[in-house]
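Written below as structure tokens is the structure these notes are about.
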């Protein structure tokens, strides 16, 4: 704006604007609180039903937490972009020359915040429902795992959500693209959580390499998203 | 005063421009040149390519063949650069239904670096202060939504305004307000291109009319 | 754009050339030799017995799928890099991904047949098998995105980004046997120091299989790439016709 | 000839009608009486309650207070019965993007029992035969979509037509065609109520104008 | 129409129109074929991976088939109503006085046809992937189970899909509504399928009572839907 030509806001400012907007929309509509959360809890209960055996349940509890998270991510991403495409706001953002990297970071951050809340509650639920063992020693591992995993999920969800946003049949394209890619997150987070819980007698130290995988994934997709979001959105 | 690079007085310069939607040449060789300060009315039958022409000039769709420059920027290579200097409103409003009118306008204003004062001025300009300002957009009537979208556009100081049937849905007062805004912007050195089917009304606004027919542009003398 | 092709007459617009025809003959000969070596000449394995013969299709299939996906990735980079940007790269990427999915499919099918014989099951939740399935689905997703529509450039841009992300799964598949302790064969040929010693003739047959599959890959990608180019040209000439029609329409409305 | 029950010549009869959206009385005591064969223009500022009035008459929203009869049917108790005798077009088009123009019009025609011939006639009437007929609706321009929606409406023989800004997006020819259709319907004994902001145009069409202001209805003399 | 007042089509005619329209939309957009099917298959793979034990897998294979079906139903229902609400077609249907019962039956039938295809393929996949045992003797039970279960799922999906259609945040409301209600279907279909497969040595005869549950469910929700769909859609 130094040359007095009205320009668009910078990347950081845009990211902040978008994240604040998304969180405000969530605060108004309370979709996470009133709907996603119960959905995730029901998914976990359903698993418990489908498996129907305490011994098995306890062993697979960490996996189920992350599986429930995964399905919730699908729902949340599609909601996050339904907000943008409902009345052509995404198109408007493009045509206002708003930096795509900013849009990506903003939407990813908002998604991440919501996911963190969700994961925290699911882990709590797992402790209760599946009688998972929660040791304070594993706490640090668990928190870092959750952070890295949500970061990765938010990044890849936003990236592919944006890709699918314009397409017709996006309700179904998104899961197709997302699920195979997030498999490593599912695995990594499950194993790290297992060792944090001490499931099957796995030591905490075994969890750290898995955390490494999660961090690599998160960094990879955050960078990819920041770089590629513009070209993906563009016609 | 709207800032502009000196020396560039041809704001839009298309020659034999082709733009393709799917596999259909919605623009089939359009040639058009618009100078700074003009208010151009795009008229023509449904499906002629008016919307496509506006989107091409806004850098939203690629130029398939031919040449095109907007604000001195080549559309073939750098169309992304056009965007933040152009204000666009299409058939859709681009509003967030869960946010209030003022939140929406502020959001759209701030994405393009408008100040709080500019946003408030825009709200007042479009008659959206008062009760409406704090109503969620999802509860507005069709015309009130259109007003909100226009306020978001007014909040920024674009050099080129591209408007696709902006009057649709607005009431008599709204139309007058909008026309006044556009005339003031043009007087201050901005350029305006409006597609519209309300010919009598738009003819009063425009300084020049242009007809789009089957993807091509034809001049019509001054009104 | 591939302008060199439009110089030819329509009659020349077929996907075969003398080179690919020659290549085709070599491939037929190679396949024959491979079948003879694999089924009749090479010995049975100590552990696997006769079923080891499946390996000569299974392993080259997997490797060539890797190769194909890597080629897709490299072509995508070439497309994204401004200096080499050309739709030809995009078409090579697409062709290679299609052939890669085909080869991965071959490897999956032969693998599960083999599994039926040696492990007594078509499928098991082994890391190698699972990651292979994910890789397979990822590229199906890639092909779905290619089919989304839009302009050629848009298709190219989207799918190139996707290809770059997808290719990263290959190391995951390859190293999955080390990451997880699995049933599946460790990397015995291309892996780090293992104690498995392969019989010379078996190794040679496997080598021949890889060569034949590679030639097949080249042949398929060349043809497919050209047919994709023809598709795009058809689109373009369709555009010419449509342009003419639309201009005529404008004349019709003339006052 | 449109059939009608003899003796009922007051087609719309509202007195002190109140309709509530959310908790807001969008109609705040509207009184209006419309006779068979009239073409009534609803005018008034954005958010005045025109859309709400139309939707109330179509039996789409409940009558909260006051009295209301449409086609002799009481809105308080039997508003569902109104629906299949009324033709409505709102701000949205209600089209299926994946189906072609002719498939859409046929679908909407057949839901109300129109014959194939009637559907074809409607398509021709709105200028949608030819290339457009087999194009998926998602590929149409804004005006072409509006035309398709109107064709779906024309294909049925409604006794009461309720149109919310039907001209928006239509080109000059389309407007003329639509006006002609509406005039013919009224001449044949149907009743038409149109909300519009294009006052000059709509005044030519209407036999009577009515102003909606802040949820209430005011008569304006014949044009 | 006898009184020459143009009326709307009857219930049956409407149902046929709507079903034909939905299936035509599917044929054009190929969403089931290209996207839901791979999605369902991936869901099955993910489950298998999260469980990660052959013995367990074989035991729970029937449950997983139906769990995957359930998630696909969510996606398909939301797609089915996205088609209606995208441009206000549902509102238009209401205002044209189209009989709501007809709309319900039509959309339910279209959903059922698509679900049948899906279930057939998933059962096939389960036989291969999880090594479920498929006896021809259990075939009859399996087919009737699949029919009753899809009928029930289609009915309840359409009913709640219509309910959620107008609401904001419908992407998340639908699963919340649907999942708890279909729990009986999940259980019944799983048990019936188990006995059809002979999983855990359950006899085929044990499956028939479960089938009864499914039939009751299907009839209940079909009737409820036919009756209540109109009031639900209305404002």
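Note that the chains take the letters A, B, C, D and E in the order they are written out, and that residue 1 is the start of every chain.
Here is the rule we use: a residue touches a chain if its C-beta (ideal position, glycine included) is under 8 Å from a C-beta of that chain, and two chains touch if they have at least 3 such contacts.
Just so we're clear, the structure is a prediction, and the values are computed from it rather than from any experiment.
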Any chain in contact with chain A as well as chain C: B, E
Selected pair, greater C-beta contact count between C-E and A-B: A-B
Distance from the mean Cα position of chain E to that of chain C, given in whole angstrom: 36
For chain B paired with chain E, centre-to-centre distance based on mean C-alpha positions, whole Å: 46
Centroid distance [mean C-alpha coordinates] between chain D and chain B, Å: 30
Chain E, residues touching no fewer than two other chains: 29, 34-35, 38, 42, 49, 51-52, 168
Overlap residues in chain C, where contacts from two or more other chains coincide: 130, 134, 137, 140-141, 144, 151, 154
Residue numbers of chain D (touch at least two other chains): 91, 97-98
Chain A-touching residues of chain B, taken from the complex the two chains share: 3-4, 58-62, 80, 82-86, 88, 90-99, 103, 107-108, 110-114, 136, 156-159
Residue ranges of chain C touching chain B (in the complex, touch as defined): 149, 151, 153-154, 235, 238-239, 242-243, 246-247, 249-250, 252-253
Chain A - residues contacting chain E, complex: 29, 31, 34-36, 38-39, 42-43, 46-47, 49-52, 56, 60, 63-64, 66-67, 70-71, 75-76, 78-79, 82, 168-169, 171-173, 175-176, 179-180, 183, 186-187, 190
Complex contacts: residues of chain C adjacent to chain E: 112, 121-125, 130, 133-134, 137, 140-141, 144
Residue numbers on chain A that touch chain C, as the complex places them: 163, 167, 173, 176-177, 179-181, 183-184, 220-221, 224, 228, 231-232, 234-235
